[in-house]
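Per-chain residue numbering starts at 1, and chain names A, B, C, D and E are given in the order in which the chains are listed.
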């Protein structure tokens, strides 16, 4: 029986894939990979006593790549859902994935999430946040029209171009966009829908179990010694309340 | 392989296929027409115009479709050009394809021996008639294959339309993949649909080629 | 120059060539050719290979843009908009087309359209230029093909015709248009003696109907029989232009012409 | 048929044609041709346009796959793997290539390669078949071009050559290879009388050097002067094959031949 | 819209660095495409029905299946049969082999318009088929097909962006990533477009030069 953790330790290197296109978790700044995931995982690799090597892949090919064994682990933030848990092994939460809304700066018609009622809102297709947004929209008097984009950039670009009034995605992402282009985007508080969390994933089979356990242990250690807090404050300016046990998912 | 997936996503996939075919046909036929006009203007039009056409061809051909589409759709509104996704998709498809077609037609023009055109001029045939009766039928010999090639390439370029939320085939298969965490099945469906289009295009191309090369077959 | 000369041109000249010259890059293909072709005349051009016969013919319908001098057809300047202007500007395509309608041509290399049957090759211009109905055009084309004994090959593509058959299609294509002037570039090069005779008689008929013809040929016998005058070209210059009796009948004055004709004479005493 | 005939073939025959027939779809282009060509012989093929002269020539080097009968070169069957087998299977490309190296050909339509200069047209096969060095090949090519008086046009592309010049390049290209047998398809059709004389003398030299030649021609004078025997084809059949004196010297027996030659005789009394 | 030249200026070095991958993959792909495409075309026209059939099959497969899927096959499926190609090689091979199918068809089309008499002339001289192709057929086919070939090579440059699915940070990918950080897609994409244009323009000009050089007469 192969064991991923011992393989990695024997190699002295863990190859982790992500899409370097999900600020503030993963981004390419001045040609270098940085972000919350990077900072966190560097620490974890240190704990494991191995070197971390990062790969940039489009989201479409990350999970197929994982299954084909082209790399060991996915450090992209993946929203923890029941359906996904059937197929993959998740780590403990590493970020808040609750949906939040961004609007065009200066748009006075929207001051709270419910104001999207009857308006057009964009989001990334195939995400857990889309499901949340749909559910939320249904609960409104007049539901919002929801447009799905292959990428959140395009949704934001379309909002800047004036075709849509809001973009919904995970709270950290929307917050970061608002900070980066203050004159253009604005975060609408509070987040809405069910609280959701991001985790990292490994293959769903037995031999990645030990790796997940080791990473979880390392994460818990970071919870305690304040490294997690420091990293989050560096990127978000605040510290999300992340659970230290696996959250309940329906 | 989970076949019930196809039952569940079948209608969406078919719908996407329809949109793909619509954009592809409208875009590529428009592209052929514009390309042909460009090639003709380049050959018979005033000299200054051929420079304009050269610049157009080089710029549009030299830059990626995704970026053109992005600029048209997301940049357009800044100059007051607001298009719907399908409108933008078809427009940019026509624009994107035309320089390639123009170049293919140019190569076709070059392949006709000068003497045959001289012979046509000598009997006083008008230039348009020469184009239709002498040049076009013969230039189809060398260019049917490249034309078929490019129609086939365009079938797959439709995938890029998903960037502007055109609900085409790739868009639908991505939804399927994201919602079900399967990869083989959606890609299989995608490949199958494209393959179908390519098969039909290739078949038509072969038929056209057979027809236009009739005179080359020696008994 | 020329303006005065032109006005002195005999009234019955349909083509007047004045001081014509043509360069291919540095190579002087025609030098200072001056020549008249009278209405209904048959003028044969003879001369060594590469002497400029085809080039001269091609200048007459402006397939070559001549560099110096002028060519007039029925008093109309061929090809150029205006001779005084420098550099010269060619006529528009449409104007050229009008001029060329009156001038038929049979090419040295035939230049048939390979994607059309023999019949369609002949019928094409009848529909598109003469505006005959499809049916009429086919009939007329068939008549022209019959003149050159090709009625049974009407449906063949050029690739499936023998060399002589191709040449005859080219002749039929040109004569079907009934132009005022016909330019023939070696119209019998691929024909057997019998057919040469036939083509000769076709041309005699045309001449009788008043068609003007300029014929490049290497067959002296042909020239002797069909021509009103024979012009001899050498290295791009017009050496002489005289009736055939003078050219072939007695020992020519010019040494170049003499040596040219000699080999022929010797060989043809069979 | 044939097997026995073959063995009775005269020893000095280099080409033996037995019961050759060729169809284009339903059209019978050659019917039952039987013919020998002796070593160093010059055989001229004459006959009306479309009678099958080019087709016969093309069968000799298997550019046309003949349907019936056989062609042997130096005792070797040309083109087919095995004649008894039905349907016949052609030789592999490589084997055909070997056979064709010994047979040169000048085409009726020249078939020069338009993207190569005259010199390169001639030099090409010298490097790729005879494996001469580039330099040697160019020298030999230049020598061949000089033989046909084209040394000053060596750098021209075919499009920039006159008809006669193109034909001479085609001749130079074939003779530079020094094959055992040469097939000429109307090698002088585009040449003026003087050059016809020159080519004739080139061919006489080749014959003296022992080359076998089959020449399709429409110039009876040429045939009379150069041929050892003259074959007359009509509608795909070999009507007669006799020495030129017999063909031209006295009134021929065959009515078809007689009428064919008549027009020619009349016209060439210049 | 406030267009930010700063963003462009700041990120240009990274885009240019990424363009190196684009160039590496597409130039290597072109080499495969042209050489293999010519061979494929010859096979497609060969007298042997099996070779011909194989070429037809090859062409219909590589034209029929989306390149993305081919690339995924090369990278993710070949390991199952024991051929584990590194990402760059897989990308080069996939783009080159796919493009060869198109190149072969372009050449085949062009070859058809070369009069058969020219081939016959070569046969009659006993010119070996390799020389026939190299010296007589290909130069003329290239002249006639050059605009279409340049089309194909330009498409190859652009399609090299698919290499991102196997983790190569080529130009399109990096510009998307930078967009994700700067939220300035128009600026970044226009810059990327200019870089693509520069690469393709070199191709196009070379194509025209070759075309001129091969012009007859």
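Note that a residue touches a chain if its C-beta (ideal position, glycine included) is under 8 Å from a C-beta of that chain, and two chains touch if they have at least 3 such contacts.
Chains and their UniProt names: B = Amino acid ABC transporter membrane protein 2, PAAT family; C, D = Amino acid ABC transporter ATP-binding protein, PAAT family; E = Glutamate/aspartate import permease protein GltK.
Note that the structure is predicted; figures quoted are calculated from it, not measured.
Steps from chain D to chain E, taking the shortest chain of touch contacts, total 1.
A comparison of the B-E and A-E interfaces places the larger number of contacting C-beta pairs at B-E. The chain with its Cα centre farthest from the Cα centre of chain E is C. Centre-to-centre spacing of chain B and chain E amounts to 18 Å, using the average Cα coordinate of each chain. The distance from the centre of chain A to the centre of chain E, with each centre set as the mean of the Cα atoms, comes to 37 Å. Spacing of chain C relative to chain E, judged by their CA centroids, is 50 angstrom. One finds 38 Å separating the Cα centroids of chain A and chain B.
The residues of chain D that reach two or more other chains are 24, 109, 159-160, listed in rising order. Touching two or more other chains at once are residues 70, 74-75, 78, 138, 216, 218-219 of chain B.
Contact of a single residue of chain E with at least two other chains is seen at positions 1, 72, 116, 143, 185-186. Within the complex formed with chain C, the chain D residues making contact are 24, 46-50, 53-55, 108-109, 153, 160-165, 168, 185-186, 189-197, 200, 218, 220-222, 224-225, 248, 259-261, 263-268, 270.
Touching chain A in their complex are the following residues of chain B: 70, 73-78, 82, 162-165, 171, 174-175, 177-179, 181, 183. Residues 1, 60, 63-69, 72, 102, 105-106, 108-110, 112-113, 116, 143-148, 150-152, 154-155, 158, 161, 172, 185-186, 189-190, 192-194, 196-201, 204, 211 of chain E touch chain B in their complex.
Remark: chain E residues 47, 115, 117-118, 120-129, 131, 135-136, 139-140, 143, 214, 216-217 touch chain D in the complex. Across the interface of their complex, chain E is touched by residues 17, 20-23, 27-31, 55-58, 60-61, 64-65, 68-70, 151, 153-154, 156-157, 160, 177, 180-181, 183-185 of chain A.
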